[in-house]
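Order as written gives the chain letters A, B, C and D; numbering starts at 1 within each chain.
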Amino acid sequence: MSIQNPVFIPGPTNIPESLRKACDMPTIDHRSSLFAEILPPVLAGVKRVLKTETGEAIIFPGSGTGGWEAALSNTLSPGDKVLAADFGMFSRKWIDMCRRHGLEVQVVEAPWGAALPVGEFAAILAADTEHQIRAVLGTHNETATGVRSDIGGLRAAMDAAGHPALLFVDGVSSIASMDFRMDDWGVDVAITGSQKGFMLPAGLAVVGVSRKAIAAMETARLPRFYFDFRDMLAMNPASGYPYTPVVGLLNGLKAAIAMIEAEGLDAVFARHHHIAEGVREAVRAWGLPFCATAPESYSDTVTAIVMPEGIDGNAFVAHAEKRYGVSYGAGLGAVAGKVFRIGHLGQLTETQALAGIATAEMAMADLGIGIAPGSGVAAAQLFYRSSPVLAQRVAAE
Amino acid sequence: MSIQNPVFIPGPTNIPESLRKACDMPTIDHRSSLFAEILPPVLAGVKRVLKTETGEAIIFPGSGTGGWEAALSNTLSPGDKVLAADFGMFSRKWIDMCRRHGLEVQVVEAPWGAALPVGEFAAILAADTEHQIRAVLGTHNETATGVRSDIGGLRAAMDAAGHPALLFVDGVSSIASMDFRMDDWGVDVAITGSQKGFMLPAGLAVVGVSRKAIAAMETARLPRFYFDFRDMLAMNPASGYPYTPVVGLLNGLKAAIAMIEAEGLDAVFARHHHIAEGVREAVRAWGLPFCATAPESYSDTVTAIVMPEGIDGNAFVAHAEKRYGVSYGAGLGAVAGKVFRIGHLGQLTETQALAGIATAEMAMADLGIGIAPGSGVAAAQLFYRSSPVLAQRVAAE
Amino acid sequence: MSIQNPVFIPGPTNIPESLRKACDMPTIDHRSSLFAEILPPVLAGVKRVLKTETGEAIIFPGSGTGGWEAALSNTLSPGDKVLAADFGMFSRKWIDMCRRHGLEVQVVEAPWGAALPVGEFAAILAADTEHQIRAVLGTHNETATGVRSDIGGLRAAMDAAGHPALLFVDGVSSIASMDFRMDDWGVDVAITGSQKGFMLPAGLAVVGVSRKAIAAMETARLPRFYFDFRDMLAMNPASGYPYTPVVGLLNGLKAAIAMIEAEGLDAVFARHHHIAEGVREAVRAWGLPFCATAPESYSDTVTAIVMPEGIDGNAFVAHAEKRYGVSYGAGLGAVAGKVFRIGHLGQLTETQALAGIATAEMAMADLGIGIAPGSGVAAAQLFYRSSPVLAQRVAAE
Amino acid sequence: MSIQNPVFIPGPTNIPESLRKACDMPTIDHRSSLFAEILPPVLAGVKRVLKTETGEAIIFPGSGTGGWEAALSNTLSPGDKVLAADFGMFSRKWIDMCRRHGLEVQVVEAPWGAALPVGEFAAILAADTEHQIRAVLGTHNETATGVRSDIGGLRAAMDAAGHPALLFVDGVSSIASMDFRMDDWGVDVAITGSQKGFMLPAGLAVVGVSRKAIAAMETARLPRFYFDFRDMLAMNPASGYPYTPVVGLLNGLKAAIAMIEAEGLDAVFARHHHIAEGVREAVRAWGLPFCATAPESYSDTVTAIVMPEGIDGNAFVAHAEKRYGVSYGAGLGAVAGKVFRIGHLGQLTETQALAGIATAEMAMADLGIGIAPGSGVAAAQLFYRSSPVLAQRVAAE
């Protein structure tokens, strides 16, 4: 790839100029008063972005995967039962993690491209009258398939069943890009990373924890130390950290939150929808199907596009990178080779989106896919010209 | 404009990542040994890029305009006669500068869009048997009209006339992007800036000086100090400077030359031609005329495009910036309002070029210009797909 | 603190200019060919720095604490017995981690200031004829006390006892600053972070793993996923990562290793010794005792200095930061308030070391500590003037 | 030198972190609305720093030397008479520039180390009853000797003589570091650069112009184009520029002014005095004379120190750079070899000043200069400990 071109992977996103500068810090003493100007506003800001007033924010040096592990190990004990769906690469990996931690996972299989099967979950939870299920896992946005699921609906199902299980939600590729309501949805552990909606380099696992999850720490018997909520909750209030924090990324997160809030969370979501809809218009013009089967579950951060029969999606990704220096997301797991993905999260302008669409057209034509040259671009242009949103505005710096 | 989008002005160019880092230096003592690791390779490298072995390179803190002034004030005396053509905004301004310095300028008027009228120059020079013309001014690439002129032909005309005048060439928007041959063409002062083919921020006037120009210093009576060649030529060999040098930009220039030479000058020129030709294909698909009237004078660094009757080119530029955050070049001087310009110099990828074309299409459509949506993009795609050049390759890191 | 002043904490260190630039990258696709230019040289380089040819290098997004956890969870099972000494804050925390993972720890108490008690370990290992001890923990450099321990001697003791336990070594504040010999010393898991000898921001746990440790993975029953060696070892050879890598820091690590090897590992160690000895000369001139009780265990990366009776070391640290904007290390755990620490690892010049010594003198005088003004500076000057090492040389960039 | 060490040259200064970031910009279109957010606040801010309400600020891409030339060529005509003193390297060079521009210079010779001889100027001006002197040149702070002159006194002398000459003041190494009062002192052209009190890289000539100087433009016959005030004054009000501006440096200047004003001009001056007085205390402790002969003319931005007999100041500077990687200012012109200079302008902390003093002591001792080791450091420590100013405070981020 060429570093001059934007990336069109579903994270890490292109990093806004001002956030790169916020991350690129000289060393400060993390036990000095300077760090106390960074951590508290970050924690408060994360809570606002997660829309939780009663929960706490915790930030680990690590990736979103570390956030998954923190959710499990701080609240559960070996042999505990969890309910999860396998409907994409990332939901599948989380199930694998549960198993490696000695948890018993009740897996609901769903088609890759469908949303989390709320109805089946509802039935299972209603049937679990003895409340053996200790936790429910939900992937808010399946990055592998470009599918957004209905976490509010999942909460409603849990409430309807009167089920006391904890609710853990992977919001890695949704939080700060699409609406996420931790308190409203009764999410007990919400998980994201620095490299998606927060537009930073990877390196931070950003976690929201409900009071119920905090209470569960007391009885959880899975071993933990690095990802232990307790040390964080004990030390953070005085701007302390149980080990060396990643100061530059935290400073970047402070700046990212300020940037998001200057624009306004709703405006950020509307902008993501606007850019995404232009991309989807292009895909429709190409005549290619979405991997996501239901329009109401289309993701505003990533679009997975089904390749025509006989065309290897991964060959497309490799060709686009090699010949044009542009990176798209490959298909993963059950849809490897069958789809390619256009990531469109973070601070992307219309011009950048068109660049990604135009380059995809070249690569598809090179591979013999019969799309009309410029057709996707023209469709997206038409949409962007008439949309009331101006994505470029926010990047005026 | 949005700083996320590439600029499509004909300089300053988009700055490659590694060059930004090379410029962004902590303060070093310019009288220390560290500066001696910067200046000598820069001067040697500039000579190679200018293709001069016998001349010298001189670099002033300033803009290309300062280079114009240095050419005049170091070699001429009040009342001296110079020959110049008015065929674009930048050639016209140089004429104005001559007059403000008390020089007598014989101006050849030429249509804006035509190349420097070598034939008329030849006739004038042949007729000047008393050699009253002391200097001939040539603008290699008229940035205002997107026209490249035939400096080799101009030299041939001077030689045919046996005329001893000095030859000064404005290569601001050609050098390091299109072939320039200082020694072969007998250029006495060649002028460029840091912000064009060298892909750096503005701030340096980069000048090549022939032995004949150096000799002319001895008799030139125009006053000068800041732009005096003599102090530079006296102090530079020991890495000295007559005043504080712009160390960071010089370090950037060292890196830029290394980058250009790693790719190879010919490859750099071919890449510029490749990107430019894609843009021209788009313009042809739109059915809009080039400001440049002769195909052999099409510039590979900037394309000026004639707007349809009734459309104000400057309104287009303003609209594109305001609505889409993308900057194009406005029309200047005699072609103000009549044209807009797409700058395509420096390290631009195919994807970036397509982004500029696609956004221009949106802005044109918004203004009611009847182009087929996506048509320019499709034409450029077709060209880029089949071209043997891969512009993105050079920007791999 | 002031970000203009160097930090004198024992890590994170001051970050060399070129390493900051190496870390500050635009987003690249970590599944693209560009990442394949980063990870392999990093892994190979870490092995050279650790001095292992037979082991493997693994790098987690995280802190050194994550490296500790990786060592335990990949090789041990609940209830396993480990042998460790409590002789400083960091050795103590590792013991705590073992216990939270359900391991049985045989703790040898040693004075804080003494080195790891190799003799007592030898006796215990010799007595453990049934080999119930599965792992021995050694802290190579106790950052809290400024004490370097004899890991080679520990290995000799294990060998003398014919004991098959695994040997885990915390080299967080020694590796890349002081000699470390993974293969020679038979270290099974060696642990460091990015923010110490590698001079980068925090954010990477850097781990070396022996073949014996790799074999132990197969039977280890502690749960793990994030820090699982298996996924790393399976994916790294093809430049893959089990989750999103921290690309910028890895690129910085590539540059750091190149910088270290350009200087030469032995020269790096000699330079650390040179700077450290100047600091120690200052401390001797002040007449203050070292926390480290034996000269042969003086650390070359951090010096802990015992405050006079009645003076709170933490008050000193707070005062120096508040009034002079300079950060020193506070006393931790059992020596909190009794000592303060001067960190002198990474790329520190003589001039920077003198700045830290001179400022400490001001702060001590302010607190009423009766040292002769300038006495420490004078002693360090004398040492640096006569030392054959020129620390500043390496930073000439 | 080592780029880790601060520089102790009298400009360019060490660049504060936030100003480096402000300068390091991606390319923006200087004809777009973004540039209009930069230039107007810069021009307004420069006027506040110069303390002029009636004058105008003009900023050229160039060095302070360009500002000198702009002053002359915009207001004077060939053969005009100017009054100037030769009392240091920079006042001498300005005289040379006048002569190269065909001006007649009445030179008052003064000892290098003395201030501008206001009394002699007063006598000459009083005697010039025909007002043949068109301009008086004053160097506010002679960087070569560390001498500040009394510009207010010079104005008083001009007023006493009822002399209408223009007053040009070189404030390159004083403005923004020491009090400068353009309106109060009736300065017609005030000149500085970006790399001194503004703490930026070199590359901008910053000029203040009075209404009287603007009026003089109309009759001035020296040729000019690049440095012509007229184009700037015509275009700047609409954020236009007669040629490509150095956008990054202008953005840095905007940030520098904001930083200076956040601290407060008076506080900036007090801080410079505080740091300077510590350095002077060190020099007194060493027993070395100041080049500046009168205490009231001691400069707060640079101290020139007279070497003992038989010691070459330039050898000292070379040795300090080579062995310790620290740059001091060499002696220039008439005091070459006789002095060395410690620059202490810009955002220097006490700790950094002590580092420069301590390193100078090492280098002096190496050359056999009999100073007591640590004596200068001790004297400066004593001063900094008791001073009410806290230089480090301003550099907290």
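Convention: a contact is a pair of C-beta atoms (placed from the backbone, for glycine too) under 8 Å apart; a residue touches a chain by one contact, two chains touch by 3 or more.
Everything numeric here is computed off the predicted structure, so don't read it as measured data.
Visitor: Tell me, please, which chain's centre (mean of its C-alpha atoms) is farthest from the centre of chain C?
Guide: Relative to chain C, the chain with the farthest C-alpha centre is B.
Visitor: Measuring from the mean C-alpha position of chain A to the mean C-alpha position of chain D, what distance in angstrom results?
Guide: For chain A versus chain D, the centre distance works out to 53 Å.
Visitor: So what's the Cα centroid distance for chain A and chain B, whole Å?
Guide: One centre to the other, that is 46 Å.
Visitor: Hey, what residues on chain A touch two or more of the other chains?
Guide: 1, 3, 14, 17, 24, 26, 34, 396-397 - these are the residues of chain A that touch more than one other chain.
Visitor: With chains as vertices joined when they touch, what's the shape: line, ring, star, complete or other?
Guide: Graph shape here is complete: every pair of chains touches.
Visitor: Under the touch definition given earlier, write down the residues of chain D that touch chain B in their complex.
Guide: By the definition above, chain D touches chain B via 1, 3, 7, 9, 11-15, 20, 23-34, 60-66, 68-69, 73, 78, 96-97, 100-102, 193, 195, 201-203, 222-228, 242-249, 321-322, 327, 330.
Visitor: Mind pulling up the chain D residues that touch chain C in the complex?
Guide: 1-6, 14, 16-17, 323-326, 347-352, 354-356, 358-359, 361-362, 365-366, 372-375, 377-378, 381-382, 384-385, 390, 392-393, 395-397
Visitor: Enumerate the contact residues on chain C facing chain B in the complex.
Guide: 17, 21, 24, 26, 34, 37, 396-397
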